[in-house]
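I have a structure I would like to understand better, so I am pasting it below and will then ask my questions one at a time.
The letters A, B, C and D name the chains in turn, as written, and every chain counts its residues from 1.
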């Protein structure tokens, strides 16, 4: 029978349904912020937290935590997830040649993009995942996300919210100091998170309203070796057994440098798919970031001996979206 | 004969070519930041400026300066500029019904967007406008922006740059205190900008590396009356005669709440099209923001009696893009 | 109480539900072509019919019945229906300038399209309309068309089918010989169709497997006056009372030169929306063409004194589509 | 030195420039159909040819020659060529659940497509390829195809044209009767085409205005083995040495079951890219079809002992397009 063990060895690897259900029940935040809530754990960010975070800016540096948005990305078409397609509707070549119908020598270039909202660095919105047909805060999934988009919890609700203290836990450096990369399939546990915080020191403490940034080194390997199965393949990531840690820490959001945030293959011997998402998004109301790039920030943090920053990562307010492409920036 | 007059009455309204050329020549920054520069006036932002800006955060508030991204926007198809089209590739309705091929009760929603990069709140990249076939820093337009995008000055170069002190000049409130809206066709002059700064007080001083936010009230009117010709029609905006002010102030970037940043109709009696763009982007290297929403921020600034904020407005790093959809946030 | 009257004066204009239901029941073809059917009335086309149709080719002329696919179309964004957006990924301008990475002087141009499948001349697929949650042949709508498309009756099933005898009934010329255009809101009745056939003569007889082409003149007016409300506005079209005629004639398909095939406003005094679609598509299994262009064909038919042609109008086999852009051609 | 040899052994494999140039010069049709021509060799189709073709319809059968348009296609992203992305804006799932705002029980499904125009079965338009910056009929490439599309020779010009006699030459069956597939890199020569015609018999004669369909068996192999490098990789195809044959036969158009129509690798020992395209499109004005499916038609033709059909293959009239997705149908 399933318990809330935080030791992966204690999981019933034959029974994802039960292991998910027990945690969904235990860590469910439905109603915590009212019936109409569209923010979930982002509610943990308060103004004092932001003032604290702004106080971390001492050097005036900015590091983008975003991967590129272009056709050279990792997507391979799974469930129609492709890399962004960027096309031009006006070009400098046409302007230079005099092909454009403008007066006094002005010319212009203009462009389009077509992309899945989760093709590159992104936030998962609260409408992205359901648990047995139920969405965040206990709503019926079909009342929330229809062909018209997310009618209730679209990412636009977070447009003025996601600025807070960000804390980078470089779990890869902590556990694999020589390579700075975790092996595929490594499930990061609650104990690992705590140990990493202890090792990195006081600036790494994680608490209410913080945004947790977890580096696995998976992106660094893709830089060396090519994308291969970066999108949808195996990777280190958060263990389902860390669900309780995510809940009790009262973090506002979490992001990783992997495609899928949680460990893959998932920790079951029977077919399973992103079980920690099923707990975290519809039940906890946790906003999850994926495909972030922490490599430059990790270097900077190690050099400074501080791991917390002002993190500004508001979604693009696409009405009704269940995810958002973003360029999160660490300011310190 | 054209001069550098900052008085609109002194413009030769028959001769946009000459009025543009004299200012392009006078305010040209080519080579100022080296041959390889891809940032233009964004180079004015330095680390001290960002530390100063972070020091402005006292309340912990965040205000998004972005309009929505959806089909209810102002675009009407001019040069293929349409409103964003957001479509779903998976929905909660399908998840709830059991139509999805996933185990243990997990379901998901996923989505796509197709949009012109300048359909809603955006930055114009440095490759967006050319002057007689020449792009920023004196490059040939056809060497810079081809069908493959901006090969030299794409917005991705600014991914870690655009965080600075933002200063809101509510010129509409200053000049039209009763309505808070400027009339269409009102060209904001250098003298207007200086007077607004004086009226708003010390927190409104504008200098090197600041990002200038100019409120005309045009968006507020669209909120009341509907979009009508918001996209491409008449509006208040910066006068071509303020080009010198934009140059000598050494601002890093400027943004307005209008479609086109500069006054429309343009200030000539013969066919003209966005003459200040032609000076500002390819010659000065000035990054321009359009279709921003300053209404909530203006209320907050007036209430606080301070008009400067920490502004975080990094572009989405779309490789080779000549513009970027953004959600700029004012943090204060 | 509702009957199967073919006289519009006999309709209960307060009760679309009942008027639809009685006809849906009477003209339902479920099971007529087996449980697995994906073609509906297209099954009426047999090989003899095609041989007959090919025999109509005496001049060797081809007339396209398609409108253009471009941004100058009639769509205004209703339910995200926009005009097609065509963008270039390579251009002659770049090729001429030597911007392309190809050897021996070869250059190329390439392009993209983004469009609703029903933005211009099109077939409605059998998955396009449902009656109280039921799709063609009695299937549950949610088993047929999900976010993954039409899993059962996608237009690709008709890829090798839609070539038959086409018969043009120029009802506009018949009823309004001076203008060649019917007034908006004119509902074409069974009696009108019969009278038009009699007036046009023997080559206009319509029977099993034929594809009926009905000209209202609405497109001709749009050519003169501009699109205005061509998409979604008022127009002449088939009356709901002609449902029985459509059924007993055993036509394979029908097409009109209007946005919506049936008369608009719809023939009720209470809110109604495309009631004849609700009878024809999910119940009869009738394939419907919209936004076709019959003006040149009408001139040719009148000149020849013959109204039937070989019609080749196969859909583009987009897997799972509920509609298809087409270029139907009349060959005669 | 280069000659017009029709024997591949006679090619100067070090000098694609010269081998292309001599044929471009010899087979150039510029001016043949007037200064304003937008059709090239499609002009060879006359009304008598179409009457002849219609006379071939004896069985009333239709065979689609189109591959599918979906995400399971061969494209791998080369020059942004992706597989079509089909998304739904309304679904049966939503309709069944009552999520749609329509009266009296009507529900609907609607959809979008985003695709490169040459992602699946297609015609290359006359603006698709240039020779040293020159387009069909001797026009400057930058005057013809800009970011606004093909302003002169867009595929829409052929909307009422491409219906003619189609002749299938099953060169694969002729040369490789056991497998029905040619090996990759096999260049089909003029002699091969003549021999195949002789072997297939009188119904295979090819002359003015015919549309030539050449089966290599490459698609059949993809069906067995998966797409692999179908898009852009090696394949049998027309030899550059057959350019004269294509010219003197006065065919209106040609299509193959491969990605690129001509043999790949191309027949040179130095870098080369689609040299026969460079001769055929901008110089001859030949319309080329690619990625067609001839497998079912080949079976039918072999069974009938006849290889000619009525071919209806009009492009979708996308204004300014340099290619068109199509569903060509063989009627016989």
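In this text, a contact is a pair of C-beta atoms (placed from the backbone, for glycine too) under 8 Å apart; a residue touches a chain by one contact, two chains touch by 3 or more.
Quick caveat: nothing in here was measured; it's all calculated off a predicted structure.
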| task | Could you run down the chains that neighbour chain C and chain D together? | result | A, B
| query | For chain A superposed on chain D via Cα atoms, how large is the rotation, as a multiple of 5°? | reply | 180
| note | Higher number of C-beta pairs in contact (A-C or A-B) found for A-B
| note | For the pair chain A and chain C, the C-alpha centroid-to-centroid distance in angstrom is 46
| message | For chain A versus chain B, what separation do you get between their C-alpha means, in angstrom? | response | 28
| field | Residues of chain D whose C-beta touches two or more other chains | value | 80, 85, 87-91, 93-94, 96-97, 99, 112, 114, 142, 146-147
| note | Residue set of chain B touching chain A in the complex reads 16-17, 20, 46-51, 54-55, 57-64, 66-70, 72, 79-81, 84, 86-93, 95-98, 102-118, 127-133, 135, 140-150, 156, 159-161, 163, 270-275, 277-278, 310, 312, 314-323, 325-327, 329, 331
| Interface residues, chain B side, partner chain C - complex | 71, 77, 80, 82-83, 85, 87-91, 93-94, 97, 99, 114, 142, 146-147
